[in-house]
Structures are given as structure tokens and as C-alpha cells.
Amino acid sequence: MTSATLSLRPASRVRLPIFGGLALAVFLAGFLLPGYLEGGYLQSMLNNGFITGILALCVAFVMHQCGLVLFGIATYYGIAAYVCAILVNSFGFSAPSAAALALLAALVSAFLIGAIVIRVKPLAFMMICLSLAELMRHLVALPSLRGMTGGSDGLVFMPEGRILGIDAMDMLDSARVWPLIWSATWVVAGIFLVVALSHFGVRLRAIKENEERMRFSGFDTYWPRVLAFAGVGLAAGVAGVLQALASGFASPEMFSIITSTNALLAAITGGVSSVVGPVLGGVIYTWAISEFGAMGYSQLFTGISVILVILFIPRGVLHPLRLLLRKGGRA
Amino acid sequence: MSFLEISDLSSGYGKATILRNLSLSVDRGEAVGVLGRNGAGKSTLLLSIFGQTRVFGGEIHVAGTRIDRLPAYRAAHLGVSFSPQGRMILPNLTVQENLCMSLATGRKGDWNLDAVFDLFPILRERARQPGVALSGGQLQMLAIGRALMANPEVLVLDEPTEGLAPVLVDVLTEALLKVRASGTGILVVEQHHALIRAVTDRFVVMAKGQIRGGGDSADMAAEEYAPLFEL
Amino acid sequence: MIRVENLTVAYGAFKALTDISVDLGQRGQVHSIIGPNGAGKSTFMDAIVGKRRPSAGRIFYKDRDISRETIQWRRKNGMARSFQKTSIFPGLTIFEQLDLVATHLDEPDLDAIIDTMDLREVLHVEATRAAYGVQRRVDVALGLIGRPDILLLDEPGAGLSAEETVHLFRHLRNLAAERNIAAVVVEHDVEAVFALSDLVTVLDLGRHLATGTPAEIRANPQVVAAYLGTAA
Amino acid sequence: MIPTLILNALAVSSLYIMMASGLALIFGLRRVMNFGHGAIYMVGAYLGYTIASGMNFWAALILVPLIMSVFGVLLELLVLRPLERRQQIEVALITFGIGIVIAQIVIRIYGGTPLSVSAPPLLASSVKIFGADYPVYRLFITVIGLCSVVALAVWLNATRTGMFVRAVSHAPDVSSMMGINADRLSLLISTLSTAFAGLAGVLVGPYLSIDPGMDVAMIITCMIVVVIGGTGSIWGAIFAALIFGFVQTFGTVYLHEISVLLPYLMLIGILVWRPQGLNFGGGAE
């Protein structure tokens, strides 16, 4: 990996201060949100929405940069949550060290899995990623691991220590954990954006577009994608740790197909080439699923959404808008 | 309108336009040869008839039906059948199965397994072997036999003599003359002038995706056509 | 620059190339490879750039046996190729893809390549939206990056009109002279080949038929019989 | 012990073969992985339950595949054909969505509790095999499974339509140039595939149980089988289904609870060894 320097197009450079200023304002304003929401239902909805948003960002990144449908993001999300919970419960780790090791676990597992699955064809990739999430779901529910994982009931844990100035005990309060989720989403989105604009991002997209030509241009085409996959696993791990800390709970359901499907849906609906769309998608789907869930229709809603989204807006709701802004030419 | 009528056709692959405003017609029972260098667009012309190219403009009619917007398999049903370049024999089907692929057209006529085996006796001996086991000449016979099994009005051949030994070219010429005698028309792309002269009524010359001229096959050697072959 | 010794490439029982020995690639010259369809031209190209492993025989590049080197190694050490079916990065802008490869291969003067291939006007166009002729030039430009010593071009004129082909060939000839690189071209258009090549190699049925100047090739009775026919 | 296990493995494999070969056939022809296949199987099982309790098991065995073939017609006409030009992954995701919707409808109708079907009296007994009592019903499943494989092999290799199917799977463009209508074959294959899934659904009732998660479990199994067998290879899928059945059956006995992980570990192992899957005997890709 030689360079990860920014190489923006001239036009983007001019716009950078405007967008940057706007983004900073939104970022700062976000911290004031709990004051208005006063905790409660809306706040916890928003927390969950942003966590799904981070997963959606991961799916969008893999789709846009590697051209692969990551239908098993739940694997790394769940692994991070479980590692965090197990380290606290069984080994007495403090919250920050458990969280750090959980992220490491997500990164390493994604790296190892990526090294295997990146070689297979796109369709098989999709099916294998899905199967691996199922593997994990079965693994944590094994009766013999019950002492450690809590079996099919899941694992409740009570971490101690402070993360970024927030006491781990307070994180169960949806308003107190919000700043952490909010800034984590920004960090993940920011890193994905920088990578996408960097030479490394262009290289990934070039491999997606034409792997053979890349080899004939002197590039290695395997390791960059494995690294990207590992990075995405790490980001999904961030979502998993956040979820675990915010709920004090890790459950086999975190690995379920539904988790992966919702992240995928949020990514596609929001548009995989954007960093705002997937997060927005995550929030909207989390809200909608909770609304329909109250009537017992959450899965039905997911199923219908998959069909409609792929049929009618496979490139995301923001896509037509962008085309309009771009007016046919590249800005 | 002729049986096979190509009018003002522009076609190619992806973004590349290979044929440019080409028109050509073949009547029932007529035999037409297409000459031209490699890369002139001869194969593209034939593949366009069978729906394997992207048509940018113009029309293709077979037996009065416009086919350039129909599914690719329709061409064979309407009475043109194809012996493609490189033969495109399915290696894991047997010789007989390869021949029977054309039965999908549902066209009835004099050409059946026995008739094809009579035309190319070697295929009868190899009937149960997989397509992959044949030699180059046998593959070509199989490709032609397969196209005949569709009982076409016009048999379309792409470079049938490509890579064949001279003696086999003679065998092939004989076979194609028999096909003509049975009343079947022929549209053949070919580099060997001798075969065109022996088998076809008239010829056209292509260069850079267009037809640059043509005439009676019997007069191919005439002075007036010499500049055409320099294209 | 390239020496091919007794090269044989087989697909199973079928020999696409049989026992070919030939020297290729003089700096500043255009060396064309011609032959009928199925003569093994593309296989020959693939073998030289490392896409296809030889079944027998060896390939030397600057007097070093490279038969076992990877595609990436060959590219980094000065062997570049273009493709018969345009092979570029459709979703990237033309600048993005040129810049990407240029950074990787330490190309000092991308601007010169952009100008040589006449791409300045379309730099920020997404490649898939560009005209086909432009895409062909991008394909060649990708091959030019990194100061290759030898550029192998597989039917650069495929799918172009007569005028576009001539245009492209003029570019190539200037390139070879200007940048002092060896150009090896597989091409169908015999007139263009004879007009613009310094050396011509003829392949037929996987065998090496002849190599020589255009004038020698035109006069070679074997070549006339096997390939050129009345066109000679 | 061992002979009983082998018989059990064959019975389970038979179900997987009926499912996976249908998936592979559609994939060969249309390059579409039908993620809704598990849901079709689930509908078959629940319909089988209704018909078996309302009329009798034998009626279910005949009627359900017939009813399920209607799903195949709909699959072809409403999904595969209109979406022919979409990317294969998009179509796969749409079938996945359809699968979820179908499964949810089934759960709405039948509720979330597992149901069981009793084997018909004729098959409810057991026989002595190698000194151990063995349920006749499981033998029956194996026989049906074997028959369907043989029938499939005969159909593909000895009939004209079967030959057309092979031709299109190997070389779609050559086949279309020779006049083979892939649309019509696809209709037939979709119908066959869903009918087989329905049959597997009916058969599973008296053997295992019928529950709301059966669609997901089956589709995951099928995906592992298809990937191991080499995407689109029918014989690869059948062979992989056999391996899968044996590994699962023997694993349950000798490795106890770890056995649920075995299929996944097998998948990873095979992909490390051969990224393209086993894929022998003429796959479509």
C-alpha cells in the first residue's frame, strides 16, 4: 500500500470549504439533540438507526468499492458485541479494554474470512457471507458454551470504566450514549469517504471495474480487497461494540439474516456511492421496522422492501437527485 | 421482398459499430458468397442475422418477418440456419445430440439424421462420441450437418474451409453443391475464391463494414473486379 | 528485445502454437504480426505478456528468461499491452484511471501521454460515456504509462472506421519513434500493416511462416499462398 | 449403528438432492440463484400438513407438487423473464425478498408453533435391517429421492428436451442461434424445480418437523450445497448434497452439538482448497 493521499478533482477543492463548514455545523449540532428529544423512545430509535447506519455504510462501501454484495455484515457486528460482553463477564475486563479487543477481534476475523471469500465469484461470495453469519448464530447458541455466551438467551453484561469520558454504566441511558454513537458514525463515514477519494479507493474501484487490466497494469489485485474487507469488518465491529454497550446485551439475533438484510436495504436505498444515504437509510428502516414490528409485520416489511427497492431504485433514492445536480456532466 | 432481406443495417458490439449501413438480400434457393479481408465485418454480418450483435439501425427480414427485434432463436425457426465460424460444437453433447439441436426449430423437410449421415458418412460412425472427440474437418461437417437439420431455406456458413486441408475443401465443395441441388439457398462468408466460384451464383466484397461491390461468381476472375479485391 | 525460442502453447490436445522461434521488438520500430483467423496471434500475444503459460519453449526479455514471471512483474519491468476488446475501467473517469496507473508505475510525464493520445479534452469524462475511438486511445494510453520498453497491441484497429484506424496507426508510429519504444502489433488491416510497419511476422495454423520487411513478405511465395492470396 | 446411520444419511440427502438439483437446474438455464427456494419448500410442507390432515398423506404427496408447480410458472413469468436483463445478484435478492414475504404469509396463516404430520399407516411400521429396527418411512424418502435422481438423469440424458436443457446450460448463445427457445425450457425447469421443492416439503413432514424457521435452514443448506458442488453444476450439487447429508448425520452422533457447525466448516475448508467449488462433471460455468 503506497499512498492513501487525497486526490480531489479541482472542482471539489473549491467546494471543500463550503461542504466542510456545513458538515462541521451539523456535527456540532448533533450533540445538542438529546436536549430536544429528552431521551425516551425517539432517542433510542435514533441510536439504533445510526448503528444500523454504520452497518449500511459498511455494505455500501463493499458494494461501491469492490462490486460485491456483502450479505453477512452481521458476522463482524455480532463477533464484536460478543467478544466485548464475554471479556467483561468471564474475564473481568474493563469497558475500554474489552471494546478495544472486540474491535481487534472483528478486524482479525474479517481479515481471515476476507482472505478466503474474496477469491470466489460474486454470487458465491454473497451466499458464503450469509452462511458464515448463520455459522456464528449457531456457534454462540451452542449449549456447551452456555456458560460463556449465554446460549440462545443471549448474554447480559455490566461493564465498568469510562470510554471517551462517558461512564460505561451510563451508556445504558440512550441520551448519554448518543454522543458516542453520533461521533462514531461520523468517524466511520469520514474514514470511508477519505478512503474512497484516496488512491487506494480508486485502485479498489479499478479492480472492480476490470481486474484483468489491473494485473496488466502491474497491480496486485488480491490484497487490496482483503484489506478493504478487513477494514469494513472493523467498522462493523464498531457498530457491534456500540450496540453491546448501549444495550448491555449481546444476542444470537445480532447474527440473523434480518440484521444483514436491513443493513443491505439501508445501503441500497440510501445509495451505495454516498456516505449520507446509507446512514439516513439506516435511521428510516429502523424506524419503519419498529413501527411495523409493533403490528407484527416487521419481517414482511423487510421482504416487501427488498423487492421494491431492488426493482425500482437499485441505485438508491439519492441517485436521481445527484444526476440532477450533476446535470449530465462531471462536476 | 427477398427471403432474407438486410436493409441499411448498422450493428456491432457494445459501443463499437462494425457494420455501417449495409444492405444485402438472398432469395430462396439462391447462393451468395461474401468475400473480404479479416476484420471487414463479414462475421458480424452473419451474427447480426442470428441476434448476436447489437443493432444500431436498419432492419433484417426473414420470410417477410422482421427479426432484428425478436428473440435470437426465431431466425432459425423462420428458415435460416447457421454454421458458425469456429464451428461452436458443444463438446459435452454427442455428435448425434449436436445434430439434433436443430430439431428445436420444428421445421420439417428432406434433411434428417439419415440424410446428413449420407452426406457426411464419417458422422454416422462417430454418432455416439462426444463433440470434443472430432477432428477439424469432422467438426466442420458436423456444424454444416447441424445447420441442415433445421431444413433451412437459406443455409448460412461462416468460413467453412477455415483451417481445412485442401483435400477436405474439395469434399466440402462437393457437399455444398449437393445442398444447392436440393434447392436450399446458401449465404457463405469465405476467403477461398475457388469455393465461392464453384458453389455460389453471385458474390459481394466487404471492407470496413460495408459492401464495396460484387458480381457474378462465374466472372470473378475478370479484370473489372480486380480493384475490389485490393480493398 | 524479446526472443522467443521454440514456443509451444497447447490447450489440452490442441496446439495453438507450435515451435515458434522469432526475435521481436526493435526500439523505435513497429513490428506487426499478421495471419488468418485461428493462426494463433492472440495466443502468441498472451504467451508473451504472461497470461498463458508456454507448454514448451522459453521467452527471453532483455536476455533474461521470463517464462515463469507474473503478469505484474512483466508490466513493472517494461512490457505493456493493449487489448483487442477494449479493456479499460468503465466506471472511472479517464483522468482517474490514467492517474492511478501513472502513480503506481512512477510515470514522470503523464501530461505528455495525455497529449500524445489526444485525450486532454475528455479527461474528466467517465470512460464508459466516451466515444469508442476515445476508449481505444485510453486503452493504448494505459499501456504507454510507466515508460514501457515494449508495447504489444492486439488489433488496435478493431471496431474503428477506416479513418479512425489510420489516425490511430499514425499515433503509434510517432509514439514508437518519439519515445524510442518497440511496438509489436497484431492487426488485420493488411494495408495499414504494410504501410506502417518496419518488420512483419506471418503466423499460420500456429506456425511461424516468415519474418521480414513488408517488401520481403509481399514477395514471399509461401506467405502469398497461405495468407495474402490475390491481395499480394 | 453404522448401517442405520448410513440409511438416515441417505434419507436426509434425498431431501437435499431434491432441493439442490432444482436450484442448480434454474441456475444453469437462467444464471439466477433462487433464494426463495426455501420458502417454496416451506409452503409445500404446510400445504402437505393441511392436505394430509384434511384428506390423507397420499393425496398430499400427489397434490402438493402439482399446486407448487403453479409457483414455478409464476416464478418464471413474473420474475425470471421480466428481469432477464437485470444483474444476477439483483434477481437473487428479489427472490430472497419474495421468499421472506411467502414465509411470513405462511406464518400468518399457520401460526408460529411447530406442527407434526404422522406417517401414513402403510409406512408407519419399521423393518429389521442388519438386526436393528428401522422406520419404513425413512426408506420411503430414500427411495423417492433415488427415483427422482434417476428420473432426472434419464430425462436430461435420454430425451430431446433434456438435451436442449443441457445445450442451453452449456452454451446459451449457440443454442439460441440453433433455434432453441430458452424461455420455454425455463418455464418447464422452474415448474419442475418448485414441484420438487413441494415434494420435499411434503416428505419432510412425518420425518422431521414443520416449523417457521425451516425455510431459512433449508436455503442456507442449499446454498452451502450449491457452492460446494460448484455453482450451477447439477451433478456437483447432487454429490455435495450426499456429502452434506452424511456429514450432518454422522456429525450429530459422533460430534454431538458441534455438528451444527460442521457444514460451515466444510464449506470454508473446500473453498480454501478450491475457490470454484468441487465443480466436476460438466458444470454450467
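For clarity, chains are labelled A, B, C and D in written order, and residue numbers in each chain start from 1.
The rule is short, and it goes like this: a residue touches a chain if its C-beta (ideal position, glycine included) is under 8 Å from a C-beta of that chain, and two chains touch if they have at least 3 such contacts.
Bear in mind that the values here come from a model prediction, so they are computed numbers and not experimental data.
Note: the chain lying farthest from subunit A is B, by mean C-alpha position.
Each of A-D and B-D has its own count of C-beta contacts, and the greater count is at A-D. Computed from the mean C-alpha positions, the centre of subunit A lies at a distance of 33 Å from the centre of subunit D. Distance between chain centres (mean CA atoms), subunit A to subunit C: 45 Å. Centroid to centroid, with C-alpha atoms defining each point, subunit C and subunit D lie 50 Å apart. Viewed as a contact network, the protein chains form a single closed ring in which every chain touches exactly two others.
Remark: the chains found to touch one another pair up as A-C, A-D, B-C, B-D.
Partner subunit A is touched in their complex by these residues of subunit D: 33, 86, 88-90, 92-94, 96-101, 103-105, 216, 220, 223-224, 226-227, 231, 257-258, 260-261, 264-265, 267-268, 271-272, 275-277, 285.
Listing the residues of subunit A that touch subunit C in their complex gives 2-3, 7, 9, 199, 202-203, 205-206, 208-210, 212-213, 215-220, 330. Note for the complex: subunit C touches subunit A at residues 49, 71-72, 75-76, 80-81, 83, 87-93, 95-97, 99-101, 103-105, 124-126, 142, 145-146.
Residues 50-52, 71-73, 75-77, 81-82, 84, 88, 90, 92-93, 97, 100-105, 146, 150 of subunit B are the ones that touch subunit D when the two sit in their complex. Partner subunit B is touched in their complex by these residues of subunit D: 160, 163-164, 166-167, 170-171, 173-183, 282.
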